[in-house]
Amino acid sequence: MKRFMAVVLVLVCVFLFAAQSASAQGKLEIFSWWAGDEGPALQALIDRYSTLYPTIGVVNSTVTGGSGVNARAVLKTRMLGGDPPDSFQVHAGQELIGTWVVAKRMEDLAPLFKSEGWTAKFPAGLVALLSSKGGIWSVPVNIHRSNVLWYLPAKLKEWGVTAPKTWDEFLSTCAALRAKGLQSPLVVGESWTYQHLWESVALGVLGPDDWSALWSGKLKFNDPKAVKVWETFGKVLSYANADASGLSWQQATDRLVKGDAAFNIMGDWAAGYMVTTLKLKPNADFGWAASPGTAGVFMMLSDSFGIPLGVKNHDAAVKWIKLLASKEGQDIFNPLKGSIAARLDSDMTKYNAYSQSAAKDWQSGKIVGSLVHGAVAPESFNSQFGTVMDIFLNGMNAKAAANAAQAIADQVGLGK
Amino acid sequence: MRGRTRGRARASQPWPTYPVLAAATCFFLLPVYMMLVTALKQPIDINLDTAWSLPASLNWSSFSQALAAFLPKLRNSFVLAISATAISALLGSLNGYVLSKWAFPGSRALFAFMLFGMFIPYQAILIPLFGFIKAIGLYGSIWGLVLVHVVYGLPITTLIFRNYYAEIPDSLVESTQIDGAGFFGIYRWVVFPLSMPAFVVVVIWQFTQIWNEFLFAVSLSNPGSQPITVALAQLSGGEAVKWNLPMAGALLAALPTLLVYVLFGKYFIRGLLAGSVKG
Amino acid sequence: MKRATWKSGIGGFLVLLPSLALLAVFVYWFIAKTVYSSLTDWGRDPAQALALKPVLRFIGLDNYRELFTGLIDGRFRQDMVSTLFFTFFFILGCLSLGLVLAILVDRKPRGEGLFRSIFLFPFSLSFVVTGTIWRWLLQPKGGINRLPTLVGLPPGDFAWLTSRQQVWRFDWSLLPLFFALLLALLFAFLALSALRAGRRRGAGIAAVSALLLGLWALGPGRSLKLLDFPELHGFNLAFIGILVAAIWQMAGYTMALYLAGLRGIPEELREAALVDGATEWQIHTRIILPLLAPVTLSAMIILGHISLKIFDLVFAMAGPDNGSTDVPALLMFITTFRGNQFAKGAAIGVILLVLVAVIILPYLRSQLRREELS
């Protein structure tokens, strides 16, 4: 009997111990995948928010994992579980629209855009990507470019080659480099970086109009033009490193910097990494160009924040959105993150040489959306695109991959 | 059962014995060495080339960092494991008592009905479970996880107690009955006091299982109620992982169950060997 | 066993009732719901998938058909093949290592208790912890691959978890053929043993079944085309890393099971055999192993059902995006929580359940029947 009471006592203690719950004055919960190297930028924004609104306690919920793959799964369970965060990071475009907006889970921010006059402050092409069925669904914090080719000017000079302007030039340059003894002129990393490379190849082979046609359903994936993308991709991969699967994108960039590779296709967060972590200087130490065949086209991705329906701290969330869309907020965040502001009126003196060049391209170039980073295709397509990539990598069969991609597009109802 | 005489002298082993045992020991302890060594290195020093070398200086900050990150999750795990273990052990004891001492027509079928729940892959019920927990408002709460672990722990705890109580002689129960004790009386005065070994096995097993569980933890918790297994998985799933932190985290996450195993393992093994947990 | 009076029988039932009710809901009702979900189209249309009140349409076995023969679900099919290979090697590895260690420890060497603790401690760890440690160890450029350098040999260059190599490839359409042949062999074996036991009719039925299956396999079975195109599947070498970690974790438990079994073997048997002039090897293979058969069976069942639903270990070791180490349980998680395809995820869950049930149910039945007889 004594033991019985002891057990009950333990239970009571545990219950009391666990029952202490914090009840803050005002609260705001932000959900993102910005941890590690990208954490400081978000923290700077949060600090600014806390200075502006000292009575609101900010809870910074992050889920680590490259490009948000894990965060999206966690977000899913929370949204489904009826416990949405007050605001969450999501890639602007179809990742949000095709998943949450069509399911009627997000608050329409169009009235806010109107009252704050934001529509004029962002490029029209961007606002178009954010919109669906008359509503605007998230506020873009930053802009990253996907189709960038990175190289070290000094090493290229040493090898006697220049940055290729088309994919055919790329292939012949790589062949030349291999003849000189550089076994893997192109460095790639783990799975999603393959897809990232693919979309640059696709953009280069198809051109911006056909690229957009894929996503509106006008061009089929097994159209001969699209099949050619896979064939080129296969040839490009033949110059890539064999141990790619084990490398994170930072490790791939490390290889480039060490001189074990000549080229790397990666988004411009690589610039942030090279400047902040590796302490290199843009133009002096590392160079960039648009991915072969994509000059004048800006393939964008954007991290944005929206407000789910039914959040607990609606006012606090709206204040957060307003800070994010403001010039001040964007210029606090982006220099630290290594991206450029989505706003057209940001203060360019705060940005490094790479960002300034990117901002010029942003304002003058043709804007298309990235596939891998959620702008042009919904999650249901993206999460299965990995399978298509696997099918291709296992057999290097362009037709099979193209058919698989079309099958997924059909199942998902792409472009409808 | 213990009819074997320990006739073989300790010293005279066939020659492969010690080398094989030594090799096996290396295999089993290798990861522990690596874990300790990596956790104690400075992040700068952690690179693949020098993975096996000892740390230049002992960097205890990995542990303090991991602890700081993990402390709320550790609390969650403790609350979860202790509550769910206690409740499922109690219920299992009562169930085992009924099934072994008060069998009625159909009780064996009911036992099979309960037992099957132990083997199902949890993926087969994950989605409805999720919907149910959300519908009763326990999503994101540690008590939702407690409920889940209690329910899915019932089959194994019932099994262990039933097998254990079957060993209690019926004559003991009957003599107590003659003295006038009823259902609960027999439990309180005869069965429960004898249950200590079974409780030990059940508590160790359940605590370990619940502490280590991942699927329910990752699906049913929110950042506030996350147990430690989820936090650990996220620590090492990140981008440029600085491996000293996940290694320190893994050590911290493993510590409670390791301690339970070290302190009470003797009873656990005895229970295992006595056939209580052979499934 | 104490037989209850009517009143205390009711009392007993009432005590069991809460547990029965909870399990009826959490196990059986949920399984039923999952089966139902798998027969709908939940998740195909993004607008419906995550809506607050999704409208579901019944589509019968379409999800299953797609999983087994649809173009884009090749990943699932490879996962099934991977799981079969993984289960086979996992059980083989645990049983072998566990048996060897049990036999050695049972000889009571010096430090027996210490050895036993060392071999058993991984069992107390979470799969996530194990996965984390081994992930670090199996990095292609470090850890295990660096071990040979400590003794002056060149480093290993196996890519472990990131390997894309695949061996023993076969076309998916051949799978029914393999199974039919396997079943035919099984029936032939059963026929032989029934004949030996004198059961003519049973032997006849089994023999005829074997013949029919064999004929089908070699005839019509060969031209069966499950898919429109050949799809090769095989054993992904990336699983070797997972196998090492899994066996590291579970071999100690198998050893404990075998130790219990060995304790049950009377010493007199062994001594009698020695007197008759048997060698150690013969004692082990002719006497001890057969007597350990029940333990082997128990262990196979437990290990088999763990390996069929393995999730945490693979998630922690290779993450959800490493195609070569994908397993059905992981695919189910991603399909549901990332791809929002709830119905298809449910179908994968049901298939897993069926696989496990096929092993567990006969075992449970035989165990309970054995109890009844004793």
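Note that the chains take the letters A, B and C in the order they are written out, and that residue 1 is the start of every chain.
One rule holds for everything that comes next: contacts are C-beta pairs under 8 Å (C-beta built on N, C-alpha and C of every residue); 3 or more make two chains touch, one makes a residue touch a chain.
What you see is a predicted model; the values in this text were computed from it and never measured.
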* Asked: What pattern do the touching chains form: line, ring, star, complete or other?
  -> complete
* Structure fact -> Contact-count maximum falls on chain pair B-C
* To do: Calculate how many whole Å lie between the centre of chain A and the centre of chain C, each centre taken as the average of the chain's C-alpha atoms.
  => 38
* **Distance between the centres, which are taken as Cα means, of chain C and chain B, whole angstrom** => 21
* **Multi-chain contact sites of chain B, meaning residues that touch two or more partners** => 219, 237
* Asked: Tell me, which residues of chain C touch at least two other chains?
  -> 139, 141, 333, 337
* Interface hub residues of chain A, defined as touching at least two other chains -> 70, 77, 80
* Complex interface listing, chain C residues touching chain B -> 1-4, 8-9, 11-13, 15-16, 18-20, 22-23, 25-27, 29-31, 33-34, 37, 97, 100-101, 104-105, 107-110, 115-122, 124-130, 132-137, 139, 141-143, 146-147, 150, 248, 252, 256-257, 259-260, 263-268, 271, 280, 295, 298, 301-302, 305, 308-309, 311-312, 315-316, 319, 329, 332-333, 336-337, 342, 345-346, 348-350, 352-353, 356-357, 360-361, 364-365, 368, 372
* Could you please specify the touching residues of chain A with respect to chain B in the complex? => 1, 3-4, 7, 10-11, 14-15, 17-18, 35-37, 61, 63-66, 70, 74, 77-78, 80-83, 248-251
* Structure fact -> Listed in rising order, chain B residues that touch chain C in their complex are 1-8, 10-11, 13-14, 17-18, 20-21, 24-25, 27-31, 34-35, 38, 47-49, 51-52, 91, 94-95, 97-105, 107-108, 110-117, 119-129, 132, 148, 150-152, 154-155, 158, 166, 170, 173-174, 182-183, 208, 211-215, 219, 229, 232-233, 236-237, 243, 246-247, 249-250, 253-254, 257-258, 260-262, 265, 269, 272-275, 278-279
* In the complex of these two chains, what residues of chain C are touching chain A? -> 43-52, 70-72, 74-75, 139-141, 159, 161-162, 164, 166, 229, 232, 320-323, 333-334, 337-341
* Taking the complex as given, what residues does chain A use to touch chain C? -> 69-70, 72-73, 76-77, 79-80, 98-100, 102-105, 190-192, 243, 245-246, 378-380, 383-384, 386-388, 390-391, 393-395, 400, 403-404, 407-408, 411-413
